[in-house]
Structure formats: C-alpha cells, structure tokens
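Following this message is one structure expressed as structure tokens.
Chain lettering (A, B, C, D and E) follows the sequence in which the chains are written, and residue indices restart at 1 in each chain.
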Amino acid sequence: MLLLIGVWWGFTYSSVSTSSFPTPVAVVRSIIADGWGFYGRNTAGTLARAGWGYVWGNCIAFMLAALVLVVPKLEELVSQIGVLTNCLPITAIGPLVMVIFGSRVSAIALSAMLVFFTTLVGALTGLKSASRSQLDLIVVYGGNAWTQVRKVRILAALPAIMTALQVAIPGAILGAIVGEYLGGIDTGIGVALNAAQRQVQPDRVWALSLVTGIISLLGYALVGVIGRLLTPWAKEINR
Amino acid sequence: MTHHPRLDSEETVGSDVLDRGDEADRGVDGIRIVHLDKVFAAGRGQEFQAIRDVNLAAPRGAFVSLIGPSGCGKSTVLRILAGLDRATSGSVMVNGERVEPGHATAGMGIAFQDPALLPWRSVERNIALPLEIQGHKNDAAVRDLIALVGLAGFERSRPGQLSGGMRQRASIARALSVNPRFLLLDEPFGALDDMTRRHLNLELQRIWMQRATTTLMVTHGIAEAVLLSDYVAVMSAHPGHVVTMIPIDIPRPRTVQTMSTDAFHAYVDRLSGMLFSVSGEDRDGKPASDSGRAVQP
Amino acid sequence: TGDASQDGKPSYGTVGVQLSWLKNMQFAGMYVADKDGFYRDAGFDKVNLISGGSSATSAEAAVAGGKALVGVSSPLITAPAIVNEGAGFKTIGALYQVNPFAIVSAASKPIRSVSDLKGKKIGVSDSNTLVWKAFLKANKLSEKDVTTVPFSDTSMLTTGQVDGYIGYTTTGAAALTASGFKATELLMADAGLPMVGETLIASQDAIDSHRAELKAFLKATIQGWRKALSDKDQAVNLTINDYGKDQQYSKQSMDITYDREKAIIETSETKANGLLTISKDLQSGTVKTLTYAGISVTPSKLFDTSLIDEVISENPELLK
Amino acid sequence: MNPGLRFVVRRVCNMLIAVVVVVLLWQVVLDAFDVNQMIGKRPAQVWTYLMGHPDAAEHRAMVFGNLGITLRDAGIGYVAGLGFAFLLAVLFCLFPIAEHIVMPTAMVLRSIPLVVMTPLITLIMGIGQRSVTTLVIIVVFLPALANILFGLRNVPTASSDLIRVYGGGPWILLMKVSLPGAVPSLMASAKVSIPSAVVGAMIAEWLSTGNGLGGSISKAVATFSYAQMWASAIVIALVTMIVYSCVTILDDIVRPRFVVAS
Amino acid sequence: MTHHPRLDSEETVGSDVLDRGDEADRGVDGIRIVHLDKVFAAGRGQEFQAIRDVNLAAPRGAFVSLIGPSGCGKSTVLRILAGLDRATSGSVMVNGERVEPGHATAGMGIAFQDPALLPWRSVERNIALPLEIQGHKNDAAVRDLIALVGLAGFERSRPGQLSGGMRQRASIARALSVNPRFLLLDEPFGALDDMTRRHLNLELQRIWMQRATTTLMVTHGIAEAVLLSDYVAVMSAHPGHVVTMIPIDIPRPRTVQTMSTDAFHAYVDRLSGMLFSVSGEDRDGKPASDSGRAVQP
C-alpha cells in the first residue's frame, strides 16, 4: 500500500502536470476540504445502492444455483444466462435498464448484475465440492437431493461461496457507481465523480476514486473475516 | 419370491437361529443376496470385476460378519446392500424389502469404512444428523450414545479436533442413533485400541440383542467376528466371492469370558484357516496377490 | 388534460421532467420555477426534475416511455430518433439559441479557426460523434485531415494526449481556465453550424392530448428562466446550495457558466420573440446542420413551435 | 454412436436450448416491462435489421467487422489477464508477502471506474492496442486472481503435510499438490473471465480506441440507432455464449481427471 | 545436550540393544523426547491439553511402538516428531538432530493415520512422490514396493478406485520408498486383514533389520507391537503421558512361530494388563473416559 502511494507520488511528481493527475497531498487536501458533508452523503448513497445490488445479485445467484442443484440439467442454461448478463457493455444495457427499472433503481440493478455472475459461478463450483461419502451419508438416511443441499452441499460450498462474495464486493460498488454515472440520481459517488470530471477538478476525481477503492478494500476484508469466522473448519481437516 | 439362493457354503443357514425362542419375530429373510456381480469401469475403457456371483442369506435379526482379504469386495457388497451402488447384476433384499439403488432402506443405520463426518458439525450434531434428516429429534438418545462411545466432554468438538479413533467412534454412534432395524458396519472398530474395541463389541451385542437388529459387519478381526456373529461369511478375492458361511453356535450373551472358551478358539482357528486358504498359497504369509486383474473386453 | 379543481384552477398533478445532465447551472430556470412556485401556480402539484447523466438517450427514452412529460435533449439525438425510428417526438422549445458546442484547446497551442485544425488530434466522446461529423462536413474537412479519438476526460487535453476536444462552451474552456489550465475555444456556431441546444421535447401523444399541460409547463419554465436571468445570485445559489448541493460546485465556475449561458439564452431573437422560442431561421439552420451529419429531416418533422408561440401570445407579460 | 460424438451432440443441443431460451426471455422481458419498441428491439426486429432489411448486407458487414475487432481485443486481453492472474497467484503462493502489496492495489484498480482510469492508462500506454489490453486485464484480473488463489490455497492439510515431511518447499507443494488441486478453480476462472474479457474489451474500445463493437454500440446509442445496437449486442452475446460453452466442455473433460470422488 | 530424560518407566532403556553386535553403529540417540507438552486451542478461547510431560528415549536404530487408548495423544507425539506440529513446550531430537517444526528431518519416512494419497495420481506415482520431491527417481524400487504391499496390477489405479486397505498399503509403500533412516508409522496396518497384516509385519521387520532404521510405530495391536519392537511405550490418556516403556527381549528375526512362544505371550499379557490399567477402572471393559477434559483459563 505504501509502495503504491510512493509510486503514485513519484509518477505525479516527475512526469505530468499536476492539473490533471494530482499528487497524494493534493488528494488528501481535497478530501479534507470537501469534508464529511460531501463524502458522507455521497458515499452513503452509493453504499446503500451497492448494498442493495449486492443483496439482490447474490439472492438471485443463490436462487438459481439452488435451482440447478434440484434440476442439474439446468446448469448449462443458467450459467449461459449469467454469461449473457455479464458480457454486454453497460453502454448497451444502461438505457434499457433505465427504461425497465426506472432511473432510480438502475444503479442497484447494474450493481446486482455485476455481482450476480461472480456469485453464481462461485456457488455452482462450490456446490459441487461436497465429497461422495458426505452425500452418501444423506442418501442412506433417507434424505433427498434437497436434504443433501441443505445439510451438506451448502456448507461444503461455503468456502468457495465466501470467496465469490468477497470478489463481488468491488463489483457491487463499481456497478452502483456506474449506474449513478449513467444518470437519474442526485447523490452518490458516481454523480459526484461525473460532476467533478466535468468541472475539471482532478483532485476531487481522484479523491473520490481513492475513497471508493478504500471502501472496496474494507468490504473485501470484512467479508474475508466473516468468511473465516463462518468456516472455522476450513483450515482443520480439509479433506 | 420362493427361489432360494445358492450358497457356496458347506453349511446351510437358518434353522438354528430360528430355534431361539426369544426372537420369535425374526423371519428367514433378513439379508438375501443373490448372484450379485459388480463390474467397475476402470478407466481407458477397461473394466474391473470386483465381485462375482456373491450369494448370501441370513434370517431377520441375525448378526452376520463378512471377512476376507483386503480388496476382496467387502465394502462393495456393503455399499450395494445400502443402496449406494448399483449392482451390475443380481438382486439384494433386506428385511423383506428389495434394495433399490438411490433409495434408502427404512430403519437402516450405517458406519462407513471412512468416518465421513461433516467437518463443520460438532460431534453432537454429527451424531444427531440422521435423526435430523428423518425429522425426529432426540437429544437424550444422542447424549447417551456419546457416553456409550466414550466421547463425553467432546460433544462440541469438531471432527478436525478429534483423534482418528474418536472420529470412528462418533461414526459408530451416528449409525446407532436411528435405532436401526438394519445395521451395516464397515470395519467399525479398525482404529480403536483393544480395550475400547472390546467394550464397544459388547455394547454392540447388547444393543443388537435388545432390538433384534439385522446386522452385517465387515471386519478384519476374526475374534471379533466370532464374538459377535450368528454367521461369519468368508470371502475370497479376485473377483470377490463368498466361499463359505459358518454359523457360530455359542450361547448369548457372549462376554469377555467367552473368548477364553475352547469353542471360541475352535471357531477362531477354523476361520483363520479358511481365511488363510482363500488368501494365498504361500506359507510365509504372502498376502493375496492382487495381480490377477480381470480385464474384460 | 388535467381536471379542473373546485376553484376552477386546473390541476395537472405530478409530472416528471427528464434533464439532460446532472443538476447544474443548465437548469437554473427550472429550479427557480420550482422554488418560487411558478409550476405550482401553473397547476402542477409537483414537477420532478430527474437528473440525467452519461446515458445519452435518457430524455427520449423517458418521454417515449411516458415517465416524463418533457425531456431536455438536443436535436442531435432527437432527429435521429425521429428519422431512424419514426418516433413521435417533437421539439417544442429551445433554451440555447446558439450551438453550444465548441472545440476546446490549450491556449498555448490554440485552435481558433478551422484552418488551425489540420493535422490535429481531437477527442470526441460518443455522444458528440454526430456534431463532429457535421462540423467536418460543413468545413469540408476529411477524416484524414484530423485524427479523431474517443474522449473520456479533460485530462486528455491537459496531458497533451489530444490537441482539442469537443465540449459545451458553457462548461468547457471556462471550467478548465478556472482549474488553472488556460484554454481557448472555437465555437461551432461560428464555424457554419447553427443549431439550437437544450431543447425541450415532448411526445406527439402529449402534444395532442395534453396540450394545456405542456403549455402550462412552458409558461412556468419561461417565468423561471426570466427570473433566473435577472437574479444571478438566486440562480447560482439554488444550483450550488440546493439542487446541486451534493456536488459541491465551486461558486467561481458556476458564475462563469452563468455568464456564458446567459449569452446564448438571451439573444436578440428571444428578446423579441420570448425565451425558448425557435425562429424559422434557427429551425432551418438546425436542419441544415443535421443534414451535414447525414440526417435528413424537415423542420416540421423536428419542431412544433405552435405551443410556445401560443404561450407567448397568450401571456404577453412574458416578453416584458 | 460413439461416446465422444454423443457428448458433443449433447453439448451442442444444450447450447441451442440456451440460445432459444435466451431469445424467448429477451422477447418476454421486453414485453412484460412493456419496453418501448424504439428502445427495446424485439428479436424479429433484429433479424430484420441483419437479414431482411434492404441494407442488411451492409449492416452485417459492419457488425461482423466490428465483432472481429472486439474478439481480437478480448482474446488478447483474456489470455494476458488470465496469464497475469495465474502468475501472480503462483507468486502469492510462493511469497505470501507479495499478496499484501498487490491485492490492495488490485482492489483499488478494480473499483475505480474505468472512465477515470482510462485517461491515465492511455497516457501511459498511448491510445491503441496496448491500452485496450491493459483495460481488459484490469477487468479480468481480480476475479480470476481471487478464484485461482482460492483454489491454490484450498489444499488439504494432509497433502501439504505430506510434502513438508519429505522436505518439499513451497515450490514443490505448488507443483505437486496446489496446482493439480486447483484445476477446478482454474477452470472456473477461465470460465468467469470470458464474459469479463468481452465486456472489458468493449469498455476499453468505447473509452480508448472507439473501434470494435464497444465503440460502435455506444455510438449507436448516442445516435439513437437502437436496431444496430441490439444487433451488435446480440451477436456478441451469442458469440460469448458459444465460447463459454466450448470452455465448459473443456472443463468437463479436464475436471474428472483431477477430482476423483473417494 | 547431556541432560537425561526422566522416564516414568519401571525399566531403564538402552544397554540391551547396544549389545547387539551386528548393529554397532547405533547410538543411544535415536529418539529423544523431553518434557513434551502440547496444548490445542479448542475454540471459544478454551484450551485442551493433549499431552503433558511426555518423555521417551530410544537408541539409534531401535524399533519403538507406542500404544495407548484412543485419543491419548499418540498421533500428536508422532506429528511433533515429524516436525509437522509445534510443541507447546519440550524438545525432540531424532538421530542426533533437533526436530524443528516446519523443517523436514532428512531421511524420514512417514505413514499417516489417514493414507493422504493425492487423488489425481496413480498408485505408482503416489508411491514415487517422496522420491520425486527429493529429486531422485527410482522406478525399480517403486515397482518392488508395489509388489511388496500386494498392489501389483493396480499401479495405474487412482486412489478413488482402491479399497480402504489397498489405500493404506499404498501409504505404507510410500513411507518406505525413501529408504528411510527414520520411520514414523501411525497405525499402518489398521485397515488390513490379519493375513496381510502379518505378512507386512514381517516384511517391515526385514526392511528394518537390513537398514537399521530408527522406527516409531503407533499401533493398537499389542501382538504386533511385541512382534516388531525393541521397546513398547504405553501411554495413558487425559492428558497423554508415557507411563512406561518396556523392552522386548525376544531374539530376531522373529517369525510367525515366535508368536506361539511363552515369552511372547507373557509380553502380550503384561502389556494388555498395563493398557487395561491406564485405560480405565471398570472391569467390564469400559473404555477410558474421555470426559476429564482439561480446560485451562
């Protein structure tokens, strides 16, 4: 991290006019100058959207993953739909999302979309990681496929799912910001970023980006910690 | 089904157990394995015949042990009996019901060769799992079973925090938790010291006598097999085949003292001899050669 | 058509207006109309000003989808929508009387005329592709004379990756200068591309069946802009501290923007005909510009000035 | 029919079913939300644009021409991004300290919107293939890295003990245990990265070169040419789905060699 | 280090083995475990003391068996000896070298309680793995080992295609593949039938005698321990502790016949008695109660 700042400093110091790529000092100064009123409100808006997007994206991913578990034939189809949601550029789906969901929810929808596929693939991979003998155990005591899912597969998948959930964090935030960037919203990092860019305030642009990065980092670390708490067995026998 | 399974055994099976007055409800249809074959796909288009024409019949409520050299197909037979694997041919019935692959036999308890505990569950919750699946909870029973296998104090430990033997004991407790009418045990005491093993042997006998549980146990301990069984089936290898089934005619309940009787020793010696003769021809104790690999087109 | 409430005053309920951009100086008149109650007086319970953003076609989409009664757009988007899709939109008024597009360049390496352009590298964002095409055509420049690259941020100019970029005169050079980078601009309007900007669009359906409502909206909006143009403090204040509060705009750059906007909103024509009106000349000029961009449309297909004309004639006080 | 052929036929059928369902879904969603026909083109309209329209040949030439550019951009970025992620994951396994330096950087890079990043990247790399590739790498990189790393780390303690007692260091652990054990995760990353690479390439084209489908789609949106936009989007979506299917088939072939149920 | 470990044993250790003329190069420093403690974190801030003050010394080249009730800490001791776990306190030396956690002892072979085969490698390549790691290949040796453990014909099978006993045999072969100077075996024959087990016992003795391998074997088979060992250490449980170490004074090579001698039976009975006394107080064979769980603040 320190290294990164160092490189940044060196870069901005030496080569480029500071009017376009600010030094770390300028960025920090800009953060202090804008203050809590600015960042508090904008990040709160973005976080709320990213949070909802995260929840929705993950819920849908889990529902589809569960569906695949019950009807394994659907796997190909479900992941193909995942691919579909993930391979279209935002410039293409942005207007559509705005029309379908309304401008206010579009940031949430985009955020959910970016989260969805990562989690879906993580969940599908994880749900296959239960061992044969663990599944047999359920069968012999009269459990059905659904019991296997509940008692074994979900928990066996938990480490993989937690990784997916971790990776989904920056996705969720990015989605929310891009959604805000597209329009229809008054408060949020994406809006502030767009405005700052137009107003030629590179200090603020980079400050906002930095804040975003830090938020992602915190979220990523947080999910990591939760994951470790949730799966204490992962480092134990690990068959 | 009136067809009687052909047994490649010297003895015939049945009447002596049925004579036991206290177990009048036991029928002759406890376990019935007829012409069982299992061929595994062994990769690169090859096939491997693990067992061939296995036949075995035991009355309801009987305790049957299955012994044989390592790799002869004991676990394979057991997994087919449990409905976990599909036989290549042949049929299997348990307590009067036909075993269908993928369908659990009602009232079955099973301990696999590997303990297969769920790593995220505590000992207690691992043992309670079958009850949970079947929708009835019974905390008291679980507690009793934990004490029975000597795991009191470790209720909340996870499998990763247990020793090998402790894991195996948890797996036995789990098999017993459902009050099974049909019990399958695959080398249940292999990782236990003699003391613990003997204790659990006798507890198993007590439980079996109380509940008239039809039981099939795979084991490597000949003494253990004689101590517990009504019948001991001996398998030969490559491909696995039940060569004989010997009724053990020692009165119940058997105790530690039983193990020093002449009758007991006679059975142990006889079975050792048999096992020896199916295991190999070499006097120095060379094991069954696993090299006669049957490759079929 | 709104219901007449008890006291005979019409009531149009709540309507949406899809703005073309974030809430900045560009919509000051609407803020005033909203704050000072002109919309309420005109019969609206509430006028929702919906922010735009980088999604270029949001106004057309919102109007077509019925989410907004009026959208703020540009002929450069509306015309292709009409031509390509046979869409039933009309431009019913225009705020900017002068084509707001400009080529912004560094003062140290200025592009002041078309002849300066030769051999230069110009950043053009996708939404400005058409106007750039029209500009090249109108000035008989070929794709080879200038290099076009996608444009993402003004830093491309300040770091010398491009020699100029296409932006709005209201924000472009002014904001750059305010940030400490001396910039100049070449207005497209001065280079043979007359065009209206910040146009108000409505669907044909609304024009036919909600005419009174639209007229009420236009009237209140004109009132708002008249007030905004006469009271700079209020206009700038509302933008910085109210509607655009979360963007913490700097007063200095808003002041500059205000002045620039005023110059292209209040022309001799609008002084005579009223704000938001579009003269016949300007209509045909716009259509000519569009033709350069490869879009052939007739004034009557693109514009419907009947509403604004009626509003002005019915409310002569709007001209004073 | 031989099993290999049957396998391929089954996968192709699955693929076709997926396409049909997607097309149906497309129609149904647009109708259900009553999306205006000008913006939400229906399958039939896209078909007309590409096949039935008088200028259809021209349209096709344009769309498929751009498709080629995009596939090239995505392909280069995909290979580079995945390779880079793989190398870094391996590096992290060998020198865990490196993770503490690189991971935060990767996170920050990933969450900064590309619109902000692009000018910096084009400044360093120049406008062209190199900056497109860099942008694709940024998009592909983090999820791939996290997945591969998870796979490499998910080593049974028993296996790592085994290597350690025989004196194997991190390198041997990696070669003998971690890598073979991570094959499922590697394949998962290879799959997830396909759509990421495509979308990354299109974003990069939009922001950096203006070529390819990325450039043409956003220009089409800006000029209200929704038929062209939809046609481009659908074509790239279908192509991505096909590529994804191919990698899935590869996965199905490779995976059983490494995960043997015991 | 001149400090001599205190042994809670009746016997003292050493001279009798050194007398054996054919093994002149064996020192007294084969295995030296001094005041070994291991405390596990047991979750929720609690701790669990698995072993306390374990002491054990055996000469270089000796064959030592470790017996004790299930869960008493045998595997824990073994893992510390292997350098896999860090002791909470105490020190461990092997063949004159201090064992450092995380550093492999040169020339060590080990078979874990669970076979730990790599599922994607064939039997053959699993057995060759240690050689591969150490950079020398020896296909002939691997082939011989496969034959030795009776897996000929299964060289190319994957572990998932083997039976439990076959997997265990592969793991033994792997432990032997490095020609170990120091061998650790954790219940290596638990999953094998008597016949195979006896054969491998004798093979192990042969290899050990040839190579003067310092060996520590954890086992539940008392007879097996007596058959193979120079010393048998007996552990008690909760926390684990070596209560005694008994030298087995039966001439080598021992054979199947050895097992019917009176000396052999005397040792077996004596060890059984000891195991019984450390295991529990209950005559009926109740196992060591695992309930006295030491929880420390």
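The definition used in the following text is that a residue touches a chain if its C-beta (ideal position, glycine included) is under 8 Å from a C-beta of that chain, and two chains touch if they have at least 3 such contacts.
The chain lineup, named per UniProt: A, D = ABC transporter permease; B, E = Putative ABC transporter ATP-binding protein.
Just so it is clear, the model here is predicted, and its values are computed rather than measured.
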Third chains touching both chain D and chain C: A
D-E compared against A-C, more contacting pairs: A-C
Euclidean distance of C-alpha centroids - chain A vs chain B, Å: 51
Centre-of-Cα separation between chain E and chain C, whole angstrom: 86
Intercentroid distance (Cα basis), chain C paired with chain A, Å: 36
For chain E, residues that touch 2 or more chains besides their own: 43, 114, 158, 161
Per-residue multi-chain contacts in chain A, two or more chains: 16, 20-21, 91, 94-95, 99, 131, 133, 181, 190, 197, 205, 232, 236-239
Interface hub residues of chain C, defined as touching at least two other chains: 54-55, 57, 61, 65, 126, 153, 155, 159
Each pair of chains that touches, named by its two labels: A-B, A-C, A-D, B-E, C-D, D-E
Chain B-facing residues of chain A, complex: 131, 133-134, 136-143, 147, 151-152, 155, 158, 231-233, 236-239
Of all residues in chain E, those that touch chain B in their complex: 40, 42-43, 48, 67-71, 73-75, 113-114, 150-154, 156-158, 161-166, 169, 186-187, 190-200, 202, 220-222, 256, 272, 275-276, 279-280, 284-293
Residue ranges of chain C touching chain A (in the complex, touch as defined): 22-24, 50-55, 57-58, 61-62, 65, 67, 126, 153-155, 158-159, 171, 175-176, 178-181, 243-244, 246-250, 253
Footprint of chain E on chain D - complex, ascending: 156, 158-159, 161-168, 172, 176-177, 180-181, 257-262
Residues of chain D touching chain C in the complex: 35-36, 38-39, 115-116, 118-120, 122-123, 127, 206-210, 215, 218-219, 221-227
